[in-house]
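First the structure, which I've put down as structure tokens, then a few questions once you've had a look.
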Amino acid sequence: MSTPDWFSSSIMARRGVAAGKPGREHRITDAEQGKHHFVYGPYAEPVLTVAPGDVLVVDTEDAFSGAITSEQDKPSEKLNHPFLNPQNGPFHVEGAEKGDCLAVMIHSVETRGEWGTTALIPEFGGLVGTDATALLNKPLPEKVKRMRIDAAGVHFSDKIVLPYEPFIGTIGVSPEIEAISSLVPDYYGGNMDLPDVAPGAIIYLPVKHAGALLYVGDCHATQGDGELTGVAVEQRATVRLQVDLIKNWSFAWPRLENENVLMTIGSARPLEDAARIAYRELCRWMAAEYGFEELDAYMLLSQAGRIRLGNMVDPKYTMGASILKKYLTA
Amino acid sequence: MSTPDWFSSSIMARRGVAAGKPGREHRITDAEQGKHHFVYGPYAEPVLTVAPGDVLVVDTEDAFSGAITSEQDKPSEKLNHPFLNPQNGPFHVEGAEKGDCLAVMIHSVETRGEWGTTALIPEFGGLVGTDATALLNKPLPEKVKRMRIDAAGVHFSDKIVLPYEPFIGTIGVSPEIEAISSLVPDYYGGNMDLPDVAPGAIIYLPVKHAGALLYVGDCHATQGDGELTGVAVEQRATVRLQVDLIKNWSFAWPRLENENVLMTIGSARPLEDAARIAYRELCRWMAAEYGFEELDAYMLLSQAGRIRLGNMVDPKYTMGASILKKYLTA
Amino acid sequence: MSTPDWFSSSIMARRGVAAGKPGREHRITDAEQGKHHFVYGPYAEPVLTVAPGDVLVVDTEDAFSGAITSEQDKPSEKLNHPFLNPQNGPFHVEGAEKGDCLAVMIHSVETRGEWGTTALIPEFGGLVGTDATALLNKPLPEKVKRMRIDAAGVHFSDKIVLPYEPFIGTIGVSPEIEAISSLVPDYYGGNMDLPDVAPGAIIYLPVKHAGALLYVGDCHATQGDGELTGVAVEQRATVRLQVDLIKNWSFAWPRLENENVLMTIGSARPLEDAARIAYRELCRWMAAEYGFEELDAYMLLSQAGRIRLGNMVDPKYTMGASILKKYLTA
Amino acid sequence: MSTPDWFSSSIMARRGVAAGKPGREHRITDAEQGKHHFVYGPYAEPVLTVAPGDVLVVDTEDAFSGAITSEQDKPSEKLNHPFLNPQNGPFHVEGAEKGDCLAVMIHSVETRGEWGTTALIPEFGGLVGTDATALLNKPLPEKVKRMRIDAAGVHFSDKIVLPYEPFIGTIGVSPEIEAISSLVPDYYGGNMDLPDVAPGAIIYLPVKHAGALLYVGDCHATQGDGELTGVAVEQRATVRLQVDLIKNWSFAWPRLENENVLMTIGSARPLEDAARIAYRELCRWMAAEYGFEELDAYMLLSQAGRIRLGNMVDPKYTMGASILKKYLTA
């Protein structure tokens, strides 16, 4: 996928240090990555240092580190908590400092194999008791489904073929002093599982540590709202990203832009707090940069806001609140 | 709006007693209605008895009973709790018994005036402390906005014109022995504030009391996901509905069908429970009537389910989970 | 149990119309009650009209209407939703009007039989999936336990004898226009399942309807915090209550007083909202009547507040926040 | 405080490697500690290595690192997120491995100064909008209160003197690969703010990393249930702890024992999930080690369980569920 037409008018292109100019392209294969990471934090050595404007072409693992290879596999035997959801990186971005914004344009997410995997994992998912919604009911049976991915889409079954609508499940920067499991989404990004983090979108991440320390992994071939079982169509993929730096643009939670909308992303439990975070951030953004009184923004969102459920299964739930750009520039 | 093409293949047309054949048309003006109701319950006298297949053309009030007429009005002075969200009906449907389903096709929702109203009401809304999320922070200032509605749409401001996308905020049948405030959404319908309850959709409601006792009111000219301030573009409207009866079709929560999707609607707090209810009902529906193993339905929804946030402001929050019909009949 | 020593200094005695003077005593047996009620609302005929100061001696049913009589019974076969948790009353209190407070001194709760009953009911309880926390896990097995109640206490098993610490699970006044299931706790009281509503306590209820319309039922021989399975040691009991009226004392949620503490009671989901309601009401009470700045009350409660979990299983969860009286009158 | 009488019958004494025999005493002053830590994790160098049975006498800082010294201070100016809630340690315990239990007997918590501090911090606390319950209401004013601590107790005001009931707000072991803010309570302990973690209690922590890596800090002179404002009577204190190791005793969440009860501690949002975790762990403990059928334990807790609200303000809320020991050994 090439750069979309609207890119030149994006915040990334207008305000970034590289201002949309492509820099060097870096290829990160499995060999270059070496070992993957299972926390978002500042304690790992960067695998690479890049400049604003550079392009990263990264081979990612699936959320199971490829350990599930057959429908006869039992997730409880194959998965080794806390070593789940392997991440590439961290990528150190030159010049990034706390208080800046790291902008990441997602150019493409291409499958690396011809198979995607989904599963029922004991005590994990939206319609079962979990380690937090701790119940005495017996767990559901374990189950693995492998799906062929080809030009026609994702073959859920002989009869049901879903469109290939890939996105990045987990992406973010390092916290300042914490190292958080890559299963968690939070203010720095992480395991948001939000289908809008897709080719054609730019995600804006608040830098907390020198060099930003970008991590990425966990691509999905497609996913429903909420990632109901806790597992999407997990796939190994090659992602093509362009990073840029917007100096001194500081905000509390990840933001996203695509051709049509501005979006703010909140992660919390209970789910209404994720929605509140996302919508409050959007009010504040509209007030700070688009000339709205905060209460007018609030009233407009009550009529024209949209909200997408990313996940309702991770340690924090994720929602993305959005508004059509055309209403902001009217 | 006339009956849509796909109507003949709908559950209502296939399984209803009237099977899609239009019956008598009943016109309910303000005068015919007389006083409105503020609870969903079995203790009010039916305003009318209708037969399956009959069409109801009902003039509804806005959620404020028309008490807010100017941007200088203060909601706290004009509104008189618990006499909020006036409802038309109840309409007794001949032959309806506990265990049946009342099917309601929504033909049209036409504005009765040229103005819609929205407001900030103290301690009410998604981004403020409320009577339940009880905080010590001072309330936001009160505010009223009146918006012209015309062929161009809803004039939020000189520059922002939103499309007219009307729907019914509150519709449902009577509980068996309870009489619940019309501000509440629950298993019988009520104040769901879900934009999918719109012209072109059929809502299926579980009958709990003889005659079903249909109530309807609270039309919105448009609304964002979540109805963030607690108030949409509230309007007086004329709704055109066709009712039918599906005998011995019993389920736990409201269901909805339109051209493309089947939807199940859950209302609860916290918000994740609304999502769980909606998605579980959808799993069960797919298993009971579309040949899925329940766990396969669960896994399919994890890849292809969609969920819409109706409200995050009412006494219970509402979400509607859906799946494309084409995946069910594949 | 006779009137406790501290009663003369209670709010009820100081501010009530009857001011602690006992009036007539009314005996309500099963025969006098006739049919029980399953909603709190204004649509039932009062079973009796009493004056402030009068004493009510009421024979209550257990929450199952006595339908479970053996450990071989299956709750799912014996219980008939929504006809659960039968209530005595309503009792019309002369002179009570919206805006007043109904004060109810609980003198005693004496068991009417020598057996208490507890049970596991499918999809009901704190550690299982429910109709709201809607999951796909299989329900737990059903189970009934009958326990002898005698002078030694409640015989949970041969080895475990729990103290008899009886209280009233469900008590309250009628909403203004709603009729709410007796399974629900809310601003008017109802199914709070809070062990502090016990002999020696006075509960203060906000009158919403002329005559107050007091309902009472659902006595427990003892109960743990949260009523974890949803079922306590349910018993048929005789309760001895004295009612009084405090004119023009209006507040948002039930309040309680005993020898040592003032308590405010909140019911909501999620559970933190019940806690917020209870603690905010306590701040406001301390500010309105005990000379505290609201923020000082808030800071004092952070050091000296206590909170009790009533239930975590009913349609709303209940918590009671309290402060030692000695800190208020210091 | 010396070792309590019941200590010899405790799990720690019966099952620990040191079996209650006091080892060496280690004195950790501010100088020995050097810099404090603000995350619970495996990336910091141990300040000391100790043997099972050893006694640690540790000088702790208050949660503000002593930065608030006057009632005129503004928390928003003095506090420097994320450098909040400084922790002593980590202490490496010889022989501790993943799958073991670290037992910590709390002998005493003595104030190091004659002042305790509490405060209102913007967007932090149980009755205000926060970073997660994200609202548009204006924050409350900031406020600091300093309280003298002496033999009479904690002088909240001239008239209100609260008993000195000290406990450890934050204690725990390191996660395996994560480094989590010391503001967070979770499965490894951390910022539980539970008043039962007090002199006379033994806390049992699940070891996740070689050496256990014990951290401790954040002592409170007293605290109400829930720590309502988010701030207790914060004090610098000297804590006296004895550590022991129970090999191969693995469980999911912190456990606690004192003279009368066994307690399990859960931390989560929403609050009901904290309660569920705590009560499920208690069911499981009773079933695994005290001969109960799991469902009988569940039914007993419904009658005799107690639950204490630690905090309702931290990133996760904490509750401790308990049962009298006498019912377990009956």
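For clarity, chains are labelled A, B, C and D in written order, and residue numbers in each chain start from 1.
One rule holds in what follows: a contact is a pair of C-beta atoms (placed from the backbone, for glycine too) under 8 Å apart; a residue touches a chain by one contact, two chains touch by 3 or more.
Keep in mind that this is a model prediction, so the values were computed, not measured.
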> Of all chains present, which has the mean Cα position farthest from that of chain C?
Replying inline: A
> Given the two chain pairs A-B and B-C, which is bridged by the higher number of C-beta pairs in contact?
Replying inline: A-B
>> Quick check: how many Å separate the C-alpha centres of chain B and chain C?
In response: 34
>> Rounded to a whole Å, what is the gap between the Cα centroids of chain B and chain D?
In response: 48
> When the C-alpha atoms of chain A and chain B are each averaged to a single point, how far apart are the two points in Å?
Replying inline: 34
> Residues of chain A that touch two or more other chains: which are they?
Replying inline: 127, 133-136, 140, 269-270, 276, 279-280, 283, 295, 298
> In the complex of these two chains, what residues of chain B are touching chain C?
Replying inline: 38-39, 41, 43, 82-83, 131-136, 175-181, 252, 266, 268-270, 273, 276-277, 279-281, 283, 294-295, 298
> Considering the complex alone, what residue numbers of chain C touch chain D?
Replying inline: 118, 120, 125-127, 140-141, 143, 145, 154, 156-157, 159-160, 162, 222-233, 269-272, 275-276, 279-280, 283, 295, 298-307, 309, 312, 317, 327, 330
>> For a test of understanding, state which residues of chain B touch chain D in their complex under the given definition.
In response: 127-129, 133-140, 270
